[in-house]
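After this come two complexes, each holding chain A, first together with chain B and then together with chain C.
And then the complex of A and B:
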């Protein structure tokens, strides 16, 4: 065996570790990621199996109408609301809405933002200039204000709200992906692919995108947290989903904000449901960022 | 430097034009209109037309825009349909309330956040570091209005320590030359009013400042960790400088650059957070003003308010960029 062959066989023993397997290993070692994933799993189970887990239906009146509804008791652990509905059951059903809002609005923002960012970063030049100036314009309007504006314009349907929140994230995703693509565009492996005649679209989707997507994924996780907070905020301002029966947490909280003095449980339970679901996404996003960002590696 | 500032200011022009068109188009596209908001749903066709004529809403859309843009350049934002007062006048009254609140919030965030982040970095992976990391993550997970409600419940409803709404006790009279109530109380030399104003400011400012506090602490920590391993820190230590001097002159000063950026980026967050915080504490600022304008289709207020908000965000970002050069002499703008 020649020296070169010996070296080659030794090298082969050490598995080359890619960006993703490296990142995955670091995420697994991070206790915060586990807590976040556990919380998220808990909410997903609540959302999927709501009819099985919840003791009552979200609209079911189990008590009587009351100006000062009864607080937590052994029978109703989270108490009842003013219409005699079980708060615990409403919160369990509410998990469906919050997760839906988080996922759908981010999916809308992500898909629009990624298309714009990819076009901008890949083609550059005047197209890039026009798209990015427009993104700057959107960024100069604070996101939540933009969401308020869009909901006022489009109406208070659940989809319109998700769309409005999604739109506010478009410039963030577009800029992020553009920057990431610009960093990859001149890399040697892209030049190599180009020199063997890989067509443009394939170059973008197969070679550049997979290597530029990491920061976008991190941002998407964190954006879900923001989306849940934003929909709660819109509800609080009276711009939440207009279907009165929806057990949306922010709406639930907002409708009872004036009952804070005598029925604090109607504010605190939905409020903490929002906090913990947001925390789940923040913990996961944070762990992903630490795993992917080379600067944060110890 | 001057040339850079001039160039940036010039670049503001297309942004502002684009913004004014966007906002103008948006406000016209809103369902309903000022006539309906004023007269109610059952208004007659004639009275709606009369009001539209009076407000110039019967003109072609581009004529309306040109007139609006022309007035804007002269600093005329039009008049509120509801109060019939000039938008600028109302803005000057409302704006100080929001600035006072925002400034107090940022002050709280900076005064608590920078030392916290700095100490956490110095005790990297210690108990304090880990605790503050977890606490800051929990902090940014709280919707600002929920935090505001919790504080209101504990400190106003349960303990009765702090007032829960407004900027000043309604029984108290105070001259308002500046509309910054803290300044007004100082100018009037009224100690009791000053205490009252600060008591009213405390809860809203802390509620609004908590998320920026968490973010500033995290960024300070990361920036300090970066600087800690720099050669010049080791050199300073080797020279025998005291820890206090190294901390202050070599580490803290150099780690402040990203912190300044983040403080600048908080402006937008602070303004929107103010809308929610002002609602909880019935704070008569820009946030509650614009929310009213949305509900009443008050075109002029809405247009003026959004353009003004955006202008503020853009200007603060410019100031942040300029402040880099002062904090880091290596950065020189051409």
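And then the complex of A and C:
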């Protein structure tokens, strides 16, 4: 192989091979994405390896009951709570819950929203009208309020809460995908596929969906951040998971809000946990958006 | 019976109470091996006609409002969707105008090429891939087998159009509709693509309908040419005859607005004045009358239909839909015909065409 040939094959390897690898290259060049990914990785590790990482169990009392629990010390870096439990350990275990809620509720909202959006965008006409008016109806109720209503209705089980939060994201995904499909439906390549006799369902799943899904994926990342905030918010309002032992960050905040004056660490650390996990998803979501947005593409 | 028989095809677009009369009754026959050109300016209904024949008009706005399209004895316009889908790609296929947008950006070229093969010919993955490779080879793409795994954006415009053609001919259709296949390409690539189409028609015995606004393109490829204006055919003739002896003022106008290498260089290009007809009403008189120097009161009142000229019939027939065909002396004055003294050997553009 001559040098020119070797160089040529090298060039070919570096050639982007499609929308996604193109986007991936752009994401990798974005420092914010690296920060977000790093943070997320940190939380994921905490969640997965909680029993290994956390010095104590989430319910384990290592100190004594105290009206004013001791703050951070060398032994307990995040301090203890009023029942003598290690705050650091509870926050580490809490990561499991927050990530679970984020992923599951978005999965629920995403799947329902995508099915509705795809039907709406692809078939159009009356079906589209009915589905979209219903989505408008849902959007007219503030999402968090809707979640509160649903939780009150369904009960305070962990799954019910995830379901309620998921439902509030359905109209967002549905509308986004519908718009995106509408833009692609009459595209030339769809016409070309129709002209060789591609059946309708394949047209939607093989041709239109993969070309329309980018904005939905961006939104899904951002929705995870919202879901984490929502579950913390629900807990804060006393509508969190009814199992009192669950180390949920929002519930932690709610229980200790009154101690802000003398035991600030009980509020700060779970607060930071919420902030940084949300930040992680937002940074990743924004980076993805920048990478995929056609207006920013050369 | 011809392979494809189009009779009085009419297409309307309706949106918000407004109706656009895009195609107002066109008729033609196509036999195996025929090469037919449809020429006209933007918006005259030439692309819409081809979409209508395949049943892929944009819905719900577009609809066929009349006529028949008979292929192999079946009326395509009344066939159930499933049967029509089977004919698309398998019997009638289409090449699109813009190769930059007519390939799916997220699928490999191989995947797109095998689509029709697997749908229509029931090939398994391996067979289809092998066939796709030889198709790419057939349309002149080097390293065909390797390139199956590439994505459309890794091909140049001309190469993409070759892929588009490969896709269209993958099931060896009997009719190939090429809708402005070279408009988005530069001139040298244009010539290559046209040569490819010519070869395919010759070797596969396909019938070709070439839709274009470029007279030069039909001159090189098509045996017969229809000139379309405002959704109707205004003149139809064997291509050489059309270039040598145009009768409709619109055809003459088109010829005068094309630079000619063989013309005496004496004047500027002469564009057709005015704007294309507003298609929101059905034409009841000659649609070209407002832009026509030959228009008489008859033109403004009655719709001219295609009439045969000089008794030539069948393949040689020259028909024109005009009340006042352009007289010979004006063709000479326009430089389209040489003065009679020099004989009849004129018309540079129409000369070389396949027998």
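As a convention for this text, the second predicted complex is superposed on the first by the 278 of 298 C-alpha atoms of A that agree within 3 Å, B and C clash if a C-alpha of one lies under 4 Å from a C-alpha of the other, contacts with A are read in each partner's own complex, and residues count from 1 in each chain.
Criterion: contacts are C-beta pairs under 8 Å (C-beta built on N, C-alpha and C of every residue); 3 or more make two chains touch, one makes a residue touch a chain.
Nothing here was measured: the structure is a model prediction, and the numbers come from that model.
After lining both complexes up on chain A, report clash or fit for chain B versus chain C.
On the superposed model, which is not a single observed complex, chain B and chain C fit side by side.
With the two structures laid over each other on chain A, which partner does A:49 touch: chain B (first), chain C (second), both, or neither?
In the superposition, A:49 contacts neither chain B nor chain C.
Contact-wise, after the overlay, does A:140 reach chain B, chain C, both or neither (first, second, both, neither)?
first
Is A:159 in contact with chain B, with chain C, with both, or with neither (first, second, both, neither)?
Neither partner.
Could you look at A:197 and tell me whether it touches chain B, chain C, both or neither (first, second, both, neither)?
second
Chain B or chain C: which reaches more residues on chain A?
Larger number of chain A residues touched: B.
Can A:125 be said to touch chain B (first), chain C (second), both, or neither?
second
Quick test of understanding: once the structures are aligned on A, what is the angle at the Cα centre of chain A formed with chain B and chain C, as a multiple of 10 degrees?
In the superposed model, the angle at chain A is 100 degrees.
Let me test your reading of the model: by the given contact rule, A:187 touches which partner, first (chain B), second (chain C), both or neither?
Touch status of A:187: second partner only.
Please work out whether A:210 is in contact with chain B alone, chain C alone, both, or neither, and reply first, second, both or neither.
The answer is second: A:210 touches chain C but not chain B.
After superposing the two complexes on chain A, what is the shortest C-alpha distance between chain B and chain C, in Å?
Superposed model gives a least chain B-chain C C-alpha distance of 13 Å.
Quick check on the complex: what are the chain C residues that touch chain A?
Residues 51, 54, 56, 58, 60, 85-90, 93-94, 96-98, 101-107, 112, 115-116, 119-120, 150-151, 153-154, 164, 167-168, 170-171.
Using the touch definition up top, name the residues of chain B that touch chain A in the complex.
14-15, 18-19, 22, 26, 29-31, 134, 137-138, 140-146, 149-150, 152-153, 157, 222, 226, 268-269, 271-273, 275-276, 279-280, 290-291, 294-295, 306, 309-310, 313-314
Show which residues of chain A lie in contact with chain C when the two form their complex.
15-20, 124-125, 186-189, 191-199, 206-207, 210-211
Tell me, which parts of chain A touch chain B in their complex?
Touch list, chain A to chain B: 32, 133-134, 136-137, 140-145, 148-149, 152-153, 155, 225, 229, 232-233, 236-238, 250, 253, 257, 260-261, 264, 267-268, 271, 274-276, 278-279, 282-283, 286, 295-296.
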